[in-house]
Amino acid sequence: MSADDAADAATSDASYTASVVGGTGFTGGELLRILAGHPNFEVVQATSRSADNMTVGRSHPNLRGLDLRFSDPDDLASVDVLFSATPHGVSMEQVDEYFEAADTVVDLSADFRLPEAALYDEWYDGHASPEYLERAEYALPELNRENLPGADLIAGGGCNATATILGLKPLVDEGVLDSETGEVVVDVKVGSSEGGAGGGAASSHPERSGVVRPYAPTGHRHEAEIEAYLGLSVSFTVHAVDMVRGASATCHVFPDDPVSKADLWTAYRGAYADEPFMRIVSGGGGVYRYPEPKSVAGTNHGEVGFELDPGNRRVVVFSAIDNMTKGSAGQAVHGANVALGLPETAGLEFEGLHPVGSP
Amino acid sequence: MSADDAADAATSDASYTASVVGGTGFTGGELLRILAGHPNFEVVQATSRSADNMTVGRSHPNLRGLDLRFSDPDDLASVDVLFSATPHGVSMEQVDEYFEAADTVVDLSADFRLPEAALYDEWYDGHASPEYLERAEYALPELNRENLPGADLIAGGGCNATATILGLKPLVDEGVLDSETGEVVVDVKVGSSEGGAGGGAASSHPERSGVVRPYAPTGHRHEAEIEAYLGLSVSFTVHAVDMVRGASATCHVFPDDPVSKADLWTAYRGAYADEPFMRIVSGGGGVYRYPEPKSVAGTNHGEVGFELDPGNRRVVVFSAIDNMTKGSAGQAVHGANVALGLPETAGLEFEGLHPVGSP
Amino acid sequence: MSADDAADAATSDASYTASVVGGTGFTGGELLRILAGHPNFEVVQATSRSADNMTVGRSHPNLRGLDLRFSDPDDLASVDVLFSATPHGVSMEQVDEYFEAADTVVDLSADFRLPEAALYDEWYDGHASPEYLERAEYALPELNRENLPGADLIAGGGCNATATILGLKPLVDEGVLDSETGEVVVDVKVGSSEGGAGGGAASSHPERSGVVRPYAPTGHRHEAEIEAYLGLSVSFTVHAVDMVRGASATCHVFPDDPVSKADLWTAYRGAYADEPFMRIVSGGGGVYRYPEPKSVAGTNHGEVGFELDPGNRRVVVFSAIDNMTKGSAGQAVHGANVALGLPETAGLEFEGLHPVGSP
Amino acid sequence: MSADDAADAATSDASYTASVVGGTGFTGGELLRILAGHPNFEVVQATSRSADNMTVGRSHPNLRGLDLRFSDPDDLASVDVLFSATPHGVSMEQVDEYFEAADTVVDLSADFRLPEAALYDEWYDGHASPEYLERAEYALPELNRENLPGADLIAGGGCNATATILGLKPLVDEGVLDSETGEVVVDVKVGSSEGGAGGGAASSHPERSGVVRPYAPTGHRHEAEIEAYLGLSVSFTVHAVDMVRGASATCHVFPDDPVSKADLWTAYRGAYADEPFMRIVSGGGGVYRYPEPKSVAGTNHGEVGFELDPGNRRVVVFSAIDNMTKGSAGQAVHGANVALGLPETAGLEFEGLHPVGSP
Amino acid sequence: MTTDTDPVLAEDPITGEEIELPADVEVGEIIDSPVTGTELEVISLDPVVLEEAPELEEDWGE
Amino acid sequence: MTTDTDPVLAEDPITGEEIELPADVEVGEIIDSPVTGTELEVISLDPVVLEEAPELEEDWGE
């Protein structure tokens, strides 16, 4: 079944074969988890160079029920949709092979996220296949839903960029913020799964436990993505904290004109009331009054909330996602669902746990 | 629909109304989470005295999508199935009212777990409704599947007892262990959700973080349950460790006659190969070689594994569950599925996450 | 021995009797720990209403070696120095009694931190003993060393305020920042001990584990302290993260005029090179490149560091302390050491641990 | 100054030069921390192959105040005491060189712990320098104080063995346990620092967080040490749990003859009442009723406690230490203090923190 | 026909939207808005008038 | 008909059960048993003979 059959696919009996390149990795494993429970996908291949021929459950204990072994990424099966979850730089080299094997390619790396080759020269080490950049669509439906149907190269967003974009977009849409507004400070806190399965000394449990560690004080590459898609230049700083899953962005913004809490509710309700995965959590009672990564852990939900600080003419926006789902694999599947005309929430229904520790 | 229609229910369109008494609690919230995703249940009531009229999502942030408010436990709605998740002692007092409101009662407390009133005198403070004890069926299908169909009073097992029973039952069934065998030491490690939502000073984050704390050095009441259902007297010690969900039982046993690893595989495969929720994890490669709570967190799975220690003529058995699911709410729903003739895994399909921190 | 004998005290054989009001609390326990190892103090009383007559070691297991029992705060012993570690509002009511019992009073609450009664009307619920405000000296020697010698009412700083003040003061002193500069965003991450020993539902282990939780989105009272002592209005937001000890302030500032990294090093070296407890950690190699709470846990050290973000004309300043030591009890003892003419580091020599988890 | 001057050293002005081989490692760093604060040692060398010429503070952020750089282990300085903290197998190869450089060698590895070469054949891969085994003294003063004075080859105990030996020794000394008694089950829980600084995939933060992981189900080499020094064969199982520092041994023993709680108190008080580092924590009130690793974290203390289980004729013994101090570096220094005739607690006075998370 | 278990309707004081409340709400009761989660105080019943409840910060200490 | 992508069959050395292995396994390769998860070494190919692989405990240090 090819992407141009997408129109038919809205019925729940559409079925696509899929492969996952980079199946031993964290986001690769998350893709496998989601696709295994997705009614419209059948995973036929998961690749690994290091665990070739081993069962998938050996790497991902939650997938022990899956009857699948890793195979070599050099022998790509022919599938409808190929998901690639490799480190930056791999898929831009492999994209031709990917399209020989598949009709639709969904890439989770940064390789097709930015709209122009020049940005790869500025923020990365250039681009090996710039001709694909125009063809690629950013996977995040809350940002780019209208361009996804029928897209055949889908680029998953960066996890920290996703958290930030989801938090600030309603303010940009409402004109509260634009490129002329003053400082936009985005202070991000992330879990250890952001580093991927191959972490080094700084990722060892004794060194990484209990930290609040500035790990990207300035110059994080996700700034480029945020600027490209929100039109805002942001002052971005990322801290590692003691959790495994989760990215939390606190955005401190200073609108030129005063806004009221009702304005903010209107802006966020307008943007997200009909979104299947977005929740506004902003004050209220009980323990969970604002967005928190652990409220959305394991889910494709994004939580956003805000508070006014009139004394400083500031609006604080909180945004929380699970970097492994909404921030990567879940977003990729969500984007693919939209591209293929499947129900948006297919495969992404898990609502999360409570109580839950540091998921 | 009443329990005696159970035979019809194997089709996926059977539908039961349900209520949850104790809906603000940890296992009450877990019941609500599972039932909300269960194709055959519709939750019509969740009770709370302390949060009467508040939304369920205020207590359980993962249930913000649920359009339900807590109501008073004194006004029980008429339902097919009433789940009670109250502290020990409440449901033995309320059971008549429960049966006025519902055809089937599933109780998660210890109130109907033990088979005889005398055991409540010995281990608890006696029993207020001993006439119900015979009627009650222990919820764990791996132990009691044959007696569950049609049962209308179902008693969920204790979380630590469940972990232990699942670990040792195959050895009892194979005759490797019996009441004449020597010492059976069960050393349990549990997460903080076992204490329920109302924890005191010892449960505060600063005091409870990072602990290995003997919290029931001896005399834990689950010994009674284990003895009642396995016929074994066990030396039981429970430690609190730094996780939220999870119970892990390490059983050190000393069979009279030598057993081989192949014997053990035969025993455990015989017991669990056809069980939908049980996994044998015993050696092998990678990071996850033995049962671990985090491999099953959020799921209704139980993992069991074993290792031989010939020098000490010992068999070590490891058993890991999530106390909130397999150890309480999931087991209760699993038991109810069997009792009502529903597909066993209905509502319990979540397979868990990887990586995951301290779930 | 009274405070006016301070001049003699620089010899290591000066000896002061001390009492701790609020000895069961977290900062009270930390005071007892520090004073027990302090060569110039002898603790003669620790008060508690709830644990009257119990041993100190029952509340604080690290102090089991201390032969001391709690006594009633209504029966204050006559001592040289009284340390009060009670919730806000208590010491402003008790200060007359305190001075009847002691020559020198060191208060860890907010009650004497702010210079003017009007600020208590604005940020708190007014002040019961405003006549003491002028007499009080802020305890932080890095800010207020010259006014401490001979002071007899010493007000310990707020933990988050301390982290912020230590981070920004060098920039204020150098004129990089002043009240006319643009936005100063301070994004703080704190551990659970900040909540004190009496935490409620939000502080329970299951709810508090693994969080990134906005707990003071705006309007935190420490803003008042920062403004009072740095002359800067700051946009302040505090998040709870999964650690027990520690406060980390990330300050995002936008100087009017460009600064170089050399300027920053000059400013911070100028401010802190001779400070016994301050360390500049700013780039470099290995795992610990910037300030981290766990690097200073248990110590009276403060770490500060900075990074330039020329693209956004931003300077990011990181500041990390242990809220229980540098942020409260350690600062109080440091301030008392200066006030009494004792060696500054007396009792505060512990250098911390590595590796260390979530201290 | 050489070891035979030890008699003079009881005065606090004795001074020994020391080197630490393996200074980048976890126990090497802990040695450096302790020795830096030890009044009778002056560290002149810390070796590293991988961080040669780097500052010690780069590896161990708590030692930033130390003015010392790593140097090559091939160029050993001439010192009074050489501490070696290398992986198993290194010091048995280097011991001749060590003694060329130093009068006294303190080894933290397993290389000189066992009394006979045959045990190395059985439990390890043989021994390269068996002629030193008789000369070596086990470092733990609670076990071996009488043989330490004047010893010039001191072998630090294994961390898990130390916890177990401290827990069971009083029962062995009192004759409650001997080699004829029935099963002795020792169920151990340990933190991630036991794995050393070079941990692999299983030690990464995402995989190691929140675990209860059987990491040595059977056949742990510390069984050999325990048997050698207690004369007991123990059934030993080790679990990794989510903490960084700490080893907790729960010993389940079944004495032939009934013992009373008074007997147990007598046994443990007899063994430990005069020990400077041992504490009996056994019941009582408050949060900390039994031994806990976090109560002793960072200290050289050992906590032991016990409970009777008459129904099972069982005694449960709990023992908690910090593997980095009492379980390795602290024990090594304690042993060296005794060997050299220094005050036993010199350098080891730190009493720990409260509250403290997962240290 | 309305029964006493039918939800009652009210205006959310923050967003102005119509929201549903349980039939048995009482004056003075604190109840959370289904739209914003904000805690609201029931000021009057016929019609139901709601106001933002004063924030209780007990668990959010410093 | 078998193709070179059809799985090959072998006997699990621990349980004696028949297990499926990928078509392209090679002698000397380590592969985990789908039944027990145990790491098995491929000793020969025609027929496939498997043996328990020596345990690598690299990540399980003390």
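A few points about this structure:
Read from first to last, the chains carry the letters A, B, C, D, E and F; within each, the first residue is number 1.
Methods note: a residue touches a chain if its C-beta (ideal position, glycine included) is under 8 Å from a C-beta of that chain, and two chains touch if they have at least 3 such contacts.
Since the structure is predicted, the reported quantities are computational estimates derived from the model, not experimental observations.
Minimum number of contact steps separating chain A from chain E: 1. Counting C-beta pairs in contact, the pair that comes out ahead of the other among B-C and A-F is B-C.
Mostly identical positions are employed by chain B and chain D in their mutual contact, as over half of the interface residue numbers are shared between these two copies. When you average the Cα atoms of each chain and compare centres, the chain farthest from chain D turns out to be E.
Rounded to a whole number, the gap between the C-alpha centres of chain D and chain E is 61 angstrom. Inter-chain spacing, taken between the CA centroids of chain A and chain B, is 35 Å. Separating the centre of chain A from that of chain D, both taken as means of CA atoms, is a distance of 46 Å.
Remark: chain E and chain F have CA centroids separated by 64 Å (rounded to whole angstrom).
Touching two or more other chains at once are residues 26, 54, 58, 64, 191-193, 197, 201, 206, 209-210, 242-244, 281, 284-285, 287, 289, 292, 355-359 of chain A. Touching of two or more other chains is recorded for residues 32, 37, 59 of chain F.
Of all the residues in chain A, the ones that touch chain D in their complex are 26, 191-193, 195, 197, 199, 201, 203-206, 208-210, 242, 244, 357-358. Per the touch definition, chain E reaches chain B in the complex via residues 21-22, 24-25, 29, 31-32, 34, 37. On the side of chain B, the complex with chain F involves touching residues 261-262, 265-266, 269, 280-285, 287, 289. Taken together, the chain D residues at the contact with chain C in this complex read 26, 29-30, 33, 36-37, 54, 58-65, 191-193, 197, 243-245, 279, 281, 284-286, 288, 292, 295, 297-299, 324, 349-359.
Chain F contributes residues 14-16, 30, 32-33, 35-39, 55-56, 59 to its touches with chain B in the complex.
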